[in-house]
Structures are given as structure tokens and as C-alpha cells.
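There are structures below to look over.
Next, two complexes with chain A in common: one pairs it with chain B, the other with chain C.
So, the complex of A and B:
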């Protein structure tokens, strides 16, 4: 009871103070402005979710509506029915995506972290040159390197294998950069203490460095996941065998030329939502850690 | 337990001309508590880090026991180290922090548990064993760091300014704790600090360093009472020793220390120690704050009759148990300790007299002590 009362009192005091003090117009306008911006940013999400539940006639309504008026699961049913009709089942695409994304995320995180640890805490000849190269590689648009990449993949002989989904994404300059910013913050004494305690390099890395930069690990994992999960590039260029292609590629074909343009819209909407949802879930799970990393690295 | 021998150690960082540690040669006896003290950048931490294996040795050899350890990795040197910023693993509980080193050495679980509990008991941190370092205060964290160091039962303890991050009160308390720990373990300890109070109170032997070079190695008492040069004299002791420059003159068979404003009689005993070649030469006199007398009954004594200085009280600093007067005599400044109950007002004239039996004389060129 007393806690309740105290809460009430505090609230009353707060209201009193609010009434007494002069209104801070900057704060109020910033609050309103940011709220509007947040709502605006939210619109696409609302649209994607609602679109998947719209019946066919609503999908093509003009002007388009954000909210589904008569929500239905028809599109999802169509997605699975359509998938069953094809020679390659939907589940195969799904498995390909989950598998390659899983391996990509794990490998990208591990390799970025190891590289970042070396750049941050070890001195070796040419380290600044190599780090410079990594930063420069951040500036290339993916389209610019499609052909060299294709040649590389083909020369490596990993065309038409799962590797061709994984390798191109494992080298992740952003990951190295973010992790390095984070590892830079770890005091050297921590690593030296572990050395004196008897840890060798690998032990220091996975018992001390990795756990301490968990927020950065989570951030890089999310970025790697988003890159890998929704990309169609590798399926388009490096894989000709249908059974090795990934889910986003399949979704893209639904709306593409060959498929039924009208029914395809509904299926595509449902499939888009299914591709989008894991992104959202993972981001919601790790968002605090991501914000921490961004604050550390000075990137916004 | 082991002795530590530094054999003519030099350290030069790449790209630097100056030696960070210059021909450091010293044997630390088994079970000794050695304190390395000096201003920042004097090479004391570098030396400790070389002993720990965290820094390469440019020249010379380091022995722990009878083993040369230049090329032995940190983990095999059987040492443990306490860092200034504690360096606790933030993601591990206190228990895991202390046990980490033992786990890496593949010790049996029961033994690990027993040792951790024993260390925790000694340091009175048993009730925090499940907490994370971030949930603890600075003093508690430093205890955990000490626990991590003692649990491995190393041959040598290294401490790199372990108390610098603590507030004044805790520092005094932890100073006592580390002293107790040392007496209990009786292991060789090498302790680095820039705080002369820590050095004076904790060490069995003190090494004063400056610019990578050893200035003096001696017991705390000897360092304080018989500094070998002006640097040691001013670095050890608070407030620092007063220095007055003047000249040695002989008039009517008596030896005097003469400045522009006053003349002080040098007693016969001191005079004999002063070498003849300083007579008529410039010299620097050093006198500690507690060796300046001011009470009239003292000044009446024979030996003070001819050693008086007229000064003005500039500032009075009350410390509680002591009070310090900052005295002015035109261009000369002196700090002296007085009884805190005496009343001295700022601006008041005061006649004082240094205890000429206890003053030190330094060569102005080499800054080395003469007597």
C-alpha cells in the first residue's frame, strides 16, 4: 500500500512540476518531430505485414491501403500449394537458406572477430596497410565487383555448391571494422592478466575477448544475417542447380515474368513477410547490444 | 619463493633514442618486499613488465630463482601480477575470476575449489564469490585481483600501482592489507608505485628511479635520512625537502653557510664532513620541514644562536595532526612543520633556525650529497 501511495505522490509531484515549470518548447517540438519520424519509418513494416494478409482484390486496390480490411490466410495457403506443385519443394529452398545463412553468420563473426583482435591488440608488419585495405573495400558497391567475384568463384571450383553462397559473404569489412572499434576499448591489462594467468592466444581470444565483446558479436551477426538471408546474388550468378538455390531467389521468381502475375502478387507478399520476419525477430532480440556497439564505434 | 636478479637490464623502445631502463642491476632477495618508486616515465613499470614477460628485454638478463627467464613466456614464469585498473574479467563471477588461472593449469576441481575458498577467506571476500566485478566497489575489486594473484601461489608477486585507483581512505586500508598479506605469505614481492608514502610504509627496501636509472637502493629509513642526491631528497618525504643555495665561508676559524640574507653557523661535527674543496664554493643546503625550529626556548640554545633566519609567514596549512608554514624571506622560501596548536597568522614575522646537525649539503653541479 505504502509503495502505491509513494508512487501516487511522486506522480502528483511530477504533474505539479510540469504545471509550474515553463514549457520547454524545444523539447516538445523535438518530441513531436521524432514521434512523426518514427511513425513514418514504421509505415513500410505495417505495409509488409498487412499486405501478406490481404485478399486478392485488396492487393490491387487503388489507391492502395495500408491496412487489410478483410484479413485472410489465403496467400499463405497459395504459397504452400504452389510450392508443392513445383519439382523443388519450398522446404528445400528454405533449408538451403537456413543452412547457408547459419554457416555464413558463424564464419563471418568468427573471422571478423579474429581479424579485428589481431589488428587491435597485436603488432605485425603491414597491419595498418591491411586495415586500410579493408576500410577501402567498404567503399566498393557490390555491383562493381560482380565480375571479378564470378571469376574468383569459378576458378576456385565452387560453382554450384553451398560454398558459393557462403564464401562471398564471409569476408565482411564492416564486421572487422566494428569489432575492431570494440576490441580497442578492452584494456590491454585484461589480456595481459590472462597471459599471466596462463592463457595462450586462442584461449585469450575465446575466453576473454569474445565474451567481453558480445554486443559487437551480436551486431556483426545481425548484419551478416541480413546480408545473407535476403540476398539473391549468389543464387543468380553462382548456382545453376535449382535444388541449391535459396529462398529469396524463389520468392523473386514468384513475381518474375514466368509466374502468374496476379496470383503471384499474393504469394509474393506472403513470402516477403516470411523472409522479413526472421530479420525483425533477430533485431528485436539483439537491439540493445546493437545500440551499444554503435555507441562505441561512433557510427550512427 | 625465489630471488629475482636483474642483470644490467636495458630497455629501448623502437623509434626512441633514450633508454627507458638504463643498466638496471639489482638482486632482490627471496622473501623481500621491494618497492620501485619514481615519477611517471622513470621506467619502473617497464621494468616490472619485463619481469612479467609482457615486454621484451633489449639487453641484459633476468633471473627468477636460478632460471634465466628472458625467453620464457609469462605463463611459465610462475609469477602473478596485480594491475592498477584491477583487470578483472568482466564477464566472469568473482569465483571464476580467481579460479581462471587454476583451470587453465588443469588443476583438479576439488583443489581449485579449496584454494579459491581459502584465498577468499584470507581477503574476506567470501560473500561476493557469485557477484560480477561490475557489482563491486573499487576496494572489493582490488581484493579480488589480489585473490587471483595469491591463489596460484607464485614465486614472485608483481604489483603495478595497485592502489592508485582507490580513494585515500581505502588506500590506507589496502596498504595495511597488502602488508599483512606479505607477512603471511612471505613471498618475494615487487611493488611499483609513484606514491612515496606507499613506498615508505610498505617496502623492506626501496629503489628510487629517475629517467630509467637507479638513484638509490636502501631501506625506507635510510632513503629518508640519507638521500644520495637532491632528487631522492625531494622525491621522498612530504612536503619535499627545502633547498637553499649559498656558500661555505670561514670567518675567524668558524665555518658558516652564507646566503645573501643570512649566515648560519655549521657545527664542528658537520664541518669535518664537509670536504675542504667546497670552502668558498657554491653549495646547496637541504633541510626537512620538521628540522626547522621556531620555539624561543629552542632558539636560545647555543647551537641555534648563530643560525637564525628572519622570515614572514606566507601561508599556514592546517593538516589536523600537523600544520605547515610556508615562509618567505625575500627570494627564499621554506616550508616548516609546526605544532598545530600554535597560532601563527599569515603575514606575521617569525624567527626560525634550521637544525644544522641534520641538514644535508649537496653539490650544485652533480646534485650529489656531500654530507
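So, the complex of A and C:
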């Protein structure tokens, strides 16, 4: 009798363990699947890093090798020298990009936060109409209306100035939207208390609202950076003066007709890497804040 | 509603504010009263109206004109639209079917993939989530368009091309494929590249949304008889993160449009003016073609209006799917 019971018990325990280990199987397969996928997703990025550091003879090598065997800075040196031979040095494109992106990010963050604060905490006539317009504009990509934008920019007289790299990008509906969702989380009591203490609107904005919504500020800054740093639209359409064009434009000239020149590949890879890396570094620094902001990104 | 309530509140206050201010029209004093709010939104609204609202309206207006960027625009009625829908063979035979094929796979496909991957990552222990998030999100940081040098080398048509070399050595193909010049293959490559870089902001939003679901809800669900993960996704997770999913859907619509540029960039980098036999020709390329090569700006504007209408329709559809009615 007792032996039978013990057997039953053991069986029950076995079943229990099986049941308990079931989710683990799922987790393990999820982990393996995701790891494989992650490696696959990262392959092109690993590839571009390697390609950028390959010496010429490895670029030509047959059969082609994925990894660089003798990494060199040759391509990067070529990138700088190559541009020096032309009328516009590489450093000029680089400066243009750094400057316009810097101003764009600062301006986009500031005006998005200001508008978002008013939309979130003030009640004024027209606010729902304006905000509705912003929501609708989330659904439109400005890329689809390049022509009217082009006409407008030439009418405004900011063609061939740094403004044409900055101003069109500063209007960032996603920025206002994300900021507002975040500012909505700030309790009204906090703002009321500041008002009672005699703080003016501007002071409330930069002493209370901005510090509290730093994660959203970081997120919008990153989005603005990504948008501005790697876009070629403004250089292609709104700027004809070579010395005012930006780095991504220069990279695009390197990659045009690329298939014909193997030497160009290494240089183009080096240039593309220089565009990609800042994006990656900035995201790495603020990953937590971005996810925190995105939790409030829902549209109701 | 809010503005109506405000207005009645102002009406009540009106007698109190005697003096010069009350003689002005009511809306002026109302504007003045809220001047701080308007100042706060002004910098954004001005840029927003100039660079987004006006261009969209201008595109709508231009679409009814014939305009070649040199002579004066001439009113044209519905002719642009009629021409697009009846005579433009490239639009009807290439751009429309291509756009739909591309948009349906990259849009909803990429979106479903984003959700699935976000959900999968969420199942993992917290410590390692960040690494996977980064790996999946990094391609969209790079962007398919910026990485063109990779695609050109990877999909190179001779046997030195990495993909050709790999497939040849495994014996999957016998002769090198002209990946970027073969019209049968071109669209597929566009789709693969776009899917690769489609896990962007929407993916992050859904991942972040998943982290806001509390465990108690899931436990309550399992007590109520939810037995597997699929049921859990359908009955608990999706309803809980609907708002983030809607945001993700709208970002997917816009992202798909932007990703569409990859075709013309791949073509240019291999020295072709257009995608091979229009195999990767999307509406957005058609717009560029008419606007910047043929200078038929009215016609191009009409095409952009059609594209905007499609995007708007897709977004409305997402709102139907994921919108939450009223306040929750």
C-alpha cells in the first residue's frame, strides 16, 4: 500500500515539476530565438564597422571576408584627405552638421516643451483645436509635401542659410505630443502651489515642469537629433551653396554610383559609420529615460 | 466643451470688469486673458503652421492647378486627378500595386513584428531586456537609407557580392544573382531592408507600454480561466496597451512612407536612374519624378494629395482598431 502511495506521490511531484518547467522551456526558446534574431539584426552594423576599417586589399579580396583582418584607419584618412582635395573640406560639412543639429535639438526641445506645458496645464480657447491639429499631423509625413515646403522656404527668403536646415525641423508634432503626455502626469496641485507662492508662468515652466519631465526632454532631444543628424532633405532641396550643406549629404555623394568603385566602398563605410555612431551613443546614454517617456506615449 | 464652459464663466464675470477692456470685443479680452498660454504655444504653432499646415494646404490647392515652376499656375479643375487615375500608366500599373505590396508587408507586417518582439523581450528577465531592446532598435537608428553602402556590397551582383558568395558556396544558387538589377528581386530586397529598420519608436512605445501592465491583472486573468499566452495577449495585454499600440500604428504608417525612399536610393547607388523596370517604383518616387525631373508641380501635388489621403485613411483605420472611446 505504502509503496503504491509513494509511487503516486513521486508521479505527482514529477508532474508538478514538469508543469513548473513548462514556462522555462518557453523562456529558453524565446531567449535563443531573440539572440539569433538580435545577431541577425546587428550583422549589417557589424559589417559596416568592419568594412570601414578594412585596408584596400581586403576590400578586393575573393572570396569576400566579413571581418577585417588587419584593421586600419586608411579609409578614415582617405575620407578627410579626399575632401581636402575638393573645394569644400570635410571639416566644413562636419561643422555644418554639428552646428545645425545642435541648434535644432535645443530649439525643438524648448518649443515643444513650452507648447506641451500650455496644452497640458492651461485651459484656453482653441487649445483642443490646436492639439487636435497636432495629433492629425502625426499621421502626415512632411516628406510627402516637399514641393510646397520648397516654395515656402524660397518665399521666406531662408533658402541657402542655416535657417533652412533648422527651422523646418523644429516643428516636431511628435515632440509636443510626447511631452504633453508626460507633463499630464505632473499633479496639478504642484503647479497650483507654485502659483500661490507667487511664481510666474515662465518660472513654473523652467523651475518645476522642465526638471520634472527630464526623461521626456531627453527623449525628444534624441528624436530631434536622429531626425536632424542623418537627414539629407534640407541639403538636397533648400540649400544650393556647397559650403552650407551637411555631412549626410556629403556621404550621399560618396555612395552615389558606389557599385562601380571598390575603393569608394571603404570610404563610404567610414563616412556612414560616422553618421551612425553618434545616434547610437546618444541612445545608449538615455535608453532608460526614453522607455520611461514612451510608457506615456499612448493615444487615447 | 472646455471652451464653452470657459465662455460662460467669462460671461458671468463680464459685469465685474468694467472699464475700457469691456468695450472691446469679447474674443479680444479672452485672448488677452490667456496671453501667457498663447505665448507658450506661439513658437511651436508658428513653425508648425508654416512648415506643416500650410504645405499640406498648399499641396491641396496646387493639385487643382497646372504649374511648371516657371509660368503662372493655371487652374485645372480635377484634370490632374483624372489624368492620374485614367492615363498615368506607370502610376496605375507600377506605383499603386508596388506601394500596396510594400506598404502592407512593411506597415502591418513590420508593426506586428514590432509588437511580437516587444512582447517576447518583455518575457525575459529584466536584467537582459536592455541588450535585446538595443539590438532590435539599433537598425532603425541607423536607418535603411543611411546604410546604403552595406546593401550595395551585400547584394552586389557579381560573385564577389557577400550574399551571392554565401549562397553559391552553399550551393543554393548556381549563378550569381543580380539582386539590385533584377526586377523580380528588387522589391523583395526593399522589403527586407525596410523590415530590418522598422522596429523604431513604435516598438519602444509598445515595449514601454508592456512594462506598465501590472502583474495582478495577469494573475487575475489566469484565475478567470485564461490558460495560454495567446489568450493572455488577446484578452489582457492588447486591451491594456491599446493607446501605445495606436501610437505605434501611426508611427508605422509614417515610417513606412519614409522607408519607401530606399528603392530610389538603391537604384541610384547602382547607377540606375529608376528602379529596375519600375519594380520598386512607389507613389513617393512618382512624386519626386514629376516634381523634380519633369517640373509638373501641380501634377506632383495631386499625387501627394492622394498619398496623404491614403496615409490618413490608414491612420483612421488604426484609430478604429485601437482607439479607446471616451475617457478610461
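The criterion applied here is as follows: the second predicted complex is superposed on the first by the 257 of 300 C-alpha atoms of A that agree within 3 Å, B and C clash if a C-alpha of one lies under 4 Å from a C-alpha of the other, contacts with A are read in each partner's own complex, and residues count from 1 in each chain.
The working rule: a contact is a pair of C-beta atoms (placed from the backbone, for glycine too) under 8 Å apart; a residue touches a chain by one contact, two chains touch by 3 or more.
Computed from a prediction, not measured in an experiment: that's the story for all the values here.
By the document's definition of touching, of the two partners only chain C reaches A:283; chain B does not.
The partner that reaches more residues of chain A, of the two candidates chain B and chain C, is C.
In the superposition on chain A, A:199 makes contact with chain B only, not with chain C.
In the superposition on chain A, no contact is made by A:161 with either chain B or chain C.
By the document's definition of touching, of the two partners only chain B reaches A:187; chain C does not.
When the two complexes are overlaid on their common chain A, residue A:208 makes contact with chain B while staying clear of chain C. Of the two partner chains placed by the overlay, only chain C lies in contact with A:149; chain B stays clear of it.
Listed in rising order, the residues of chain C touching chain A in the complex are 2-3, 6-7, 27, 30-31, 34, 36-38, 40-41, 43-45, 47-48, 50-56, 58-59, 62, 117, 120-121, 123-124, 130-139, 141-143, 146-150, 152-154, 156-157, 159-162, 165, 169, 180, 196, 201, 204-205, 207-209, 211-212, 229, 241-247, 250-251, 253-254, 257-258, 261, 268-271, 284, 287-288, 291, 297, 300-301, 304, 307-308, 311-312, 315, 319, 323-324, 327-328. By the touch rule above, chain A contacts chain B in their complex via residues 187, 189-190, 192-200, 203, 207-208, 211-212, 214.
Interface residues of chain A, counted against chain C in their complex, comprise 26-27, 30-31, 33-34, 37-39, 41-42, 44-45, 47-48, 51, 62-64, 66, 110-112, 114-115, 117-119, 122-128, 130, 133-134, 136-149, 151-152, 156, 167-168, 170-171, 173-174, 176, 201, 205, 223, 226, 230, 248, 251, 255-260, 265, 268-269, 272, 275-276, 279-280, 283-284, 287, 290-295, 297-300. Here chain B touches chain A in the complex through residues 52-54, 73-75, 79-81, 83-85, 87-91, 100-101, 104-105, 148, 152, going by the rule given at the top.
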